[in-house]
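Inspection log for the structure reproduced underneath, given as structure tokens.
Every chain is named by a letter (A, B, C and D) in the order it is written, and numbering of its residues begins at 1.
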Amino acid sequence: MFDDKVRELPTLRWAMVGGGKGSQIGYAHRCGATRDGLFRLVAGAFDIDPQRGREFGVKLGVLPERCYDNYQTMFALESKRDDGINVVSIATPNSTHYEITKCALLAGIHVVCEKPVTFTLKEAEELKAIAKDHGLILGVMYGYSGFQMVHQARSLVQNNLLGEIRVINMQFAHGFHSQEVELNDPGAKWRMNPNISGPTYVLGDIGTHAFYLGQLITGLAVKKLCCSRQSFVKSRAPLEDNAHVMMHFENGAVGMLWASAVNAGSMHQQKIRVVGEKASIEWWDERPNQLIYEEQGKPSQVLERGMGYLDSHDDAISSDRIGAGHAEGFFESWANVYARFAVVINAANANDWQTVNATWFPDVDAGIEGVRWLERCVESADNDEKWVAYRE
Amino acid sequence: MFDDKVRELPTLRWAMVGGGKGSQIGYAHRCGATRDGLFRLVAGAFDIDPQRGREFGVKLGVLPERCYDNYQTMFALESKRDDGINVVSIATPNSTHYEITKCALLAGIHVVCEKPVTFTLKEAEELKAIAKDHGLILGVMYGYSGFQMVHQARSLVQNNLLGEIRVINMQFAHGFHSQEVELNDPGAKWRMNPNISGPTYVLGDIGTHAFYLGQLITGLAVKKLCCSRQSFVKSRAPLEDNAHVMMHFENGAVGMLWASAVNAGSMHQQKIRVVGEKASIEWWDERPNQLIYEEQGKPSQVLERGMGYLDSHDDAISSDRIGAGHAEGFFESWANVYARFAVVINAANANDWQTVNATWFPDVDAGIEGVRWLERCVESADNDEKWVAYRE
Amino acid sequence: MFDDKVRELPTLRWAMVGGGKGSQIGYAHRCGATRDGLFRLVAGAFDIDPQRGREFGVKLGVLPERCYDNYQTMFALESKRDDGINVVSIATPNSTHYEITKCALLAGIHVVCEKPVTFTLKEAEELKAIAKDHGLILGVMYGYSGFQMVHQARSLVQNNLLGEIRVINMQFAHGFHSQEVELNDPGAKWRMNPNISGPTYVLGDIGTHAFYLGQLITGLAVKKLCCSRQSFVKSRAPLEDNAHVMMHFENGAVGMLWASAVNAGSMHQQKIRVVGEKASIEWWDERPNQLIYEEQGKPSQVLERGMGYLDSHDDAISSDRIGAGHAEGFFESWANVYARFAVVINAANANDWQTVNATWFPDVDAGIEGVRWLERCVESADNDEKWVAYRE
Amino acid sequence: MFDDKVRELPTLRWAMVGGGKGSQIGYAHRCGATRDGLFRLVAGAFDIDPQRGREFGVKLGVLPERCYDNYQTMFALESKRDDGINVVSIATPNSTHYEITKCALLAGIHVVCEKPVTFTLKEAEELKAIAKDHGLILGVMYGYSGFQMVHQARSLVQNNLLGEIRVINMQFAHGFHSQEVELNDPGAKWRMNPNISGPTYVLGDIGTHAFYLGQLITGLAVKKLCCSRQSFVKSRAPLEDNAHVMMHFENGAVGMLWASAVNAGSMHQQKIRVVGEKASIEWWDERPNQLIYEEQGKPSQVLERGMGYLDSHDDAISSDRIGAGHAEGFFESWANVYARFAVVINAANANDWQTVNATWFPDVDAGIEGVRWLERCVESADNDEKWVAYRE
């Protein structure tokens, strides 16, 4: 069990920017990071409103003097303390990711940044370079990537049980924004604003999750793509609330991705199906403990988390917190990702780059590919939905 | 119950071309047509091999002298008999549909033709004109269109329970041809041969079914499309064994269709999901007695065939043969379609065109749209997968 | 494919008693019997109302003179005709089964009787003896027993893939009679009347189906049982609309059966789960093309009708009418059972008792066990729900 | 959201007895208790092996001097400290629960005890009395009772949406002990030993969970029951690895419970179905975010955690940690239960018994009923499976 090994690691001193009171994803970060005692929350600039942020931080057990008015102050002061933070998680709206991440890295602090990591590819590459120069980890919070069955899927592909990959179909399509709910929902509102959200809405907000899972499982590079996006709620233009993307991959495989916030009645429907010449696999985030494995000509199989037949040599697969049959969920996935961050941050602190390189975690390259994919989708969608090459 | 009314209709004298011993779909035609006593099989040219066809016909109870060597002779002789056939079903490989249908119509015989009805749009339009001139019915065997829950879906759309339609996603993607099985399977072999199959394989073989269901349910016209097709088993080129089609519809809706014969491990996965501004519906041909209806913000509902809450004023919905709960299947769908054919053929015989026009059945226009869609898909796929307008 | 072989058989001249206009199950008999050309409907006493029965029969294509006023006349006259009926199906309310069956057998006519075959064990044994004396087949219409995946389940048990059987849980529990619907539904009304229905309602009406499937799949004899039955709609007393039965089997296995007509909201929920020391199987009549096979410590498998991995040496399993993936249903199951009746009746006619004995079909012994089980259930339920030995 | 309110509560000083290194359920307690900052682990007697327990505790961040050799010492010393523990969770094998709980209560410490709370009813009643005398909370860790959809089920029953309850079917039936795995699995081994496990194995180990959920949802008292239990792996006798229990409830409802550890291939299959005169509900612990709600004559509905249509006035239902659609799981359920314990313990500390009484939590009465039910099951099973009255 992965956790047993990582539990020996030193606890990291951890801060958050954003994720304040009432925020959507702050709680998930705190649950994920602290779950195994690997991160201890000791500082924060939790809120755009400093006062509210401080009150919130204190309730979380952070010392008042380490609840900062803004991230700049926090990074400046913390980086001078002996017991200053090692790592910060950034859970603010998209437009701020680049600046905050850069500021943290320049202060010598490891970063876990929310997705999408920046608005442009250029910015993302720049952050990567800074992180590298300073010997720092820059992780990106693809929170679904900690599910064990996603890694089992990846392992089946890597062990060639599917044969050559032919088709990758991905989707993340909920219905919660079928109507103009942003009128009364600030958490939705900024997502429809290109200044804050960036050049996309559903593609960057949720499509990028499904895309990353497809990438993580198959490892296949996109060759070209064609994207069509719509603003079914008109006031959302130019940002889309629905998009279809057709893709060709370098190895000759093809695929589709459907991202939507207007898929009325659907909860999430994040599903990844990978079809190989011998078998297919399918994973669904609402039934995350199961993985369908279908060998052509054989009965379809339902693989279950925690079972002995899984590829248990892979830490990511065997990170069970409770026996098979019990429903693990979203928060365990996040904790698994954070455990990986702890491994690589501790390794980086020890200058052990071999471990960093040998350890899977959603790294800055994953973030860069996410941004590249969004850029290409927009380029296609906004140019008569023509096909565009994925790399220049 | 629909059946009660139609059972009063005179029995039609019916013949088949093709559908002989060992054929894939001949049995379905015979089951569907004879199920309710509306068609009686009295003649046939069942096989490319006349001797085998005759033996087979006799076993089916057809008089030896009405088991013909070929369709030309059959149409010529039967059209002269007082008790000659009223209608013929054509269940031969695709390349022959046009000729045989034309020959039958010119002999004054109603036709139920397999899909795709012709290779080209021009031919399909020609057949339509001939049928019209002769006052004959030309039906196309979209066999899945008889499922009651498909009609319930259509009714929900028509009654505006979904609101404006936004997204139509369709798929029919099995895995039976993941390998080059045609080497030992004649029924698969001709499908990979453009001379017999026509300009497409999976698009015309199965994609067209899902497309028709989408059309039937929503009634929305395609505006433009972009198609990507592949021959994952190389020897199948130029015919595709996998295709993705992106579509825009006239009302602003968008959609995707995935057709595949290499979706390893999948049985059928023919699924239609229609998303409206208020609700979505989803139907799956492997669970045909259920229809998912999901109103945004309400619990997802599972509608069941045979229940009192369905739109029972619609004949097509209330054609139950057995109470709710019992699994009806593929053959009941075919029988429902054939019952509709019986209605319109009898009406045409009585020169009652009002009934013909008021009755839903998969007609030649459905066949024409199927061929048009295939032409456009090929045009797109074979021109760098560019977008093409649906109508010239 | 089973059908190919049986299609060579001579067509049997067939009649019905009951199953008239508006009856619940008459259509299923006609569909099942005539589906493969093995039975031709040539006579009938279709209705308690002779006039209505005659009109109905004529519409079905039966000659007016062979639409009889009552079964007595029919058996008397038909048994004298050269082209008289070979076999009759009895689809009347339960109270009449014994008399009608006896009358038919004494007239030298094979019988397919609806379940439950009689009210008492004694009567059932008597019918068996008469059939035997006259060299006649007496089949019982357990219509779910023709589903191919039920036979695959049986084959898995017989081939010891489950190991020793430990638990057999069965249920058939719908909700259609949650309220006192019999006030306005004659087809429900007689079922609540002990004079017509017999000593039980749901146990005999539906529980017996699930019980038979359990018996068919496992072949295990009941040793003792304990039954609790209720009349949740009070006016139904003494007949039950809900019952639970606990059973011990001769080999040490145990089991439960739940039969209900007040399982609000449920369609059928007829499910059979058989647990062995190595693996379990589960079948559900609303998803009849699938069989779950779960080997302990391995991924759960979904077996699909029509696939090459099934035990195709067994005729009952390989009776596909259409390729895998297409939904077969209730009517195919009935046709499969009737095809078996055709095999054994033709064999009996040819005095080939070896074939009769070697062929599986739901025979009078199945009917007898059904009645015995009902007798024991009532004995237990009506004696303080005590345990009773299954055989005296 | 429940959590927001409870997060204001003072953090409780918490200890564990048992739940040491490699234990099955210790991690779940720690996750559940600490999840919301309501409990802080400050002491423990984690292991039967004091040295191993101390090492383990220190790794968890407990001061070495508060890692005690045994619970007696812990309670004695901690109860004297100003900053001594407020509450202890007991996660040791069953045989020790009574002694440890009693010892803790007598030392004035609140207790969360694992189930079954004692071996005998008498002991359980005694513990209740002691708790009451000392003004202490005695909670029982029915960990599945924190799932929000279980409380939605309860609310639907209480709001009479089902009408009078008629049938309650419960099961918890996994297959992990189909073979004699206890030979190599100490965590399984003690469960088969009556001296440690108590008078039952599967009934007390898992059946009691399903029984409690049934009780929690319906609130119906058992009137009489009949139990049959088996030791399919012979060496387990007299303890059962499979059991069926038939029950009558005071209001006239009936029910079944199936508990098994030999249900080969099954993961958990903990399911509760409650049937009322108007509607049924069904919940499954492997899909815990969904609740099926089936009104007779209407489409079946799937209710989802987190949605606005749920009974959000009920704290237990609205304790979402993340938006609807995301999979919450087992650990959230435990955290929800522990949050309730925090509420009542804090209330008890403040002498606010009104809050204690108004707050749902799995209390000692739930534990007592669990033990009573086990006693009655054994009484029945070991006396020829006769019916026994639930209360004397």
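Convention: a contact is a pair of C-beta atoms (placed from the backbone, for glycine too) under 8 Å apart; a residue touches a chain by one contact, two chains touch by 3 or more.
If you're wondering where the values come from, they're calculated on a predicted model, not measured in any experiment.
Common neighbours of subunit B and subunit D, listed by label, are A, C.
Taking C-D and B-C together, the chain pair joined by more C-beta contacts is C-D. Per-chain CA centroids place subunit B at a distance of 35 Å from subunit C. Centre-to-centre separation between subunit C and subunit D, using Cα means, comes to 44 Å.
Among the residues of subunit D, those in touch with two or more other chains are 176, 293, 298, 300, 304.
Listing the residues of subunit B that touch subunit C in their complex gives 7-8, 24, 27-28, 31, 35, 37, 59-61, 174, 176, 267-268, 285-289, 304, 321-332.
Subunit D makes touch with subunit C in their complex at residues 162, 166-167, 169, 175-176, 178-179, 226, 228, 230, 232, 242, 244, 246, 248, 252, 254-256, 258, 260, 262-266, 275-280, 293-296, 298, 300, 384-387. Touching subunit B in their complex are the following residues of subunit D: 293, 297-304, 307-309.
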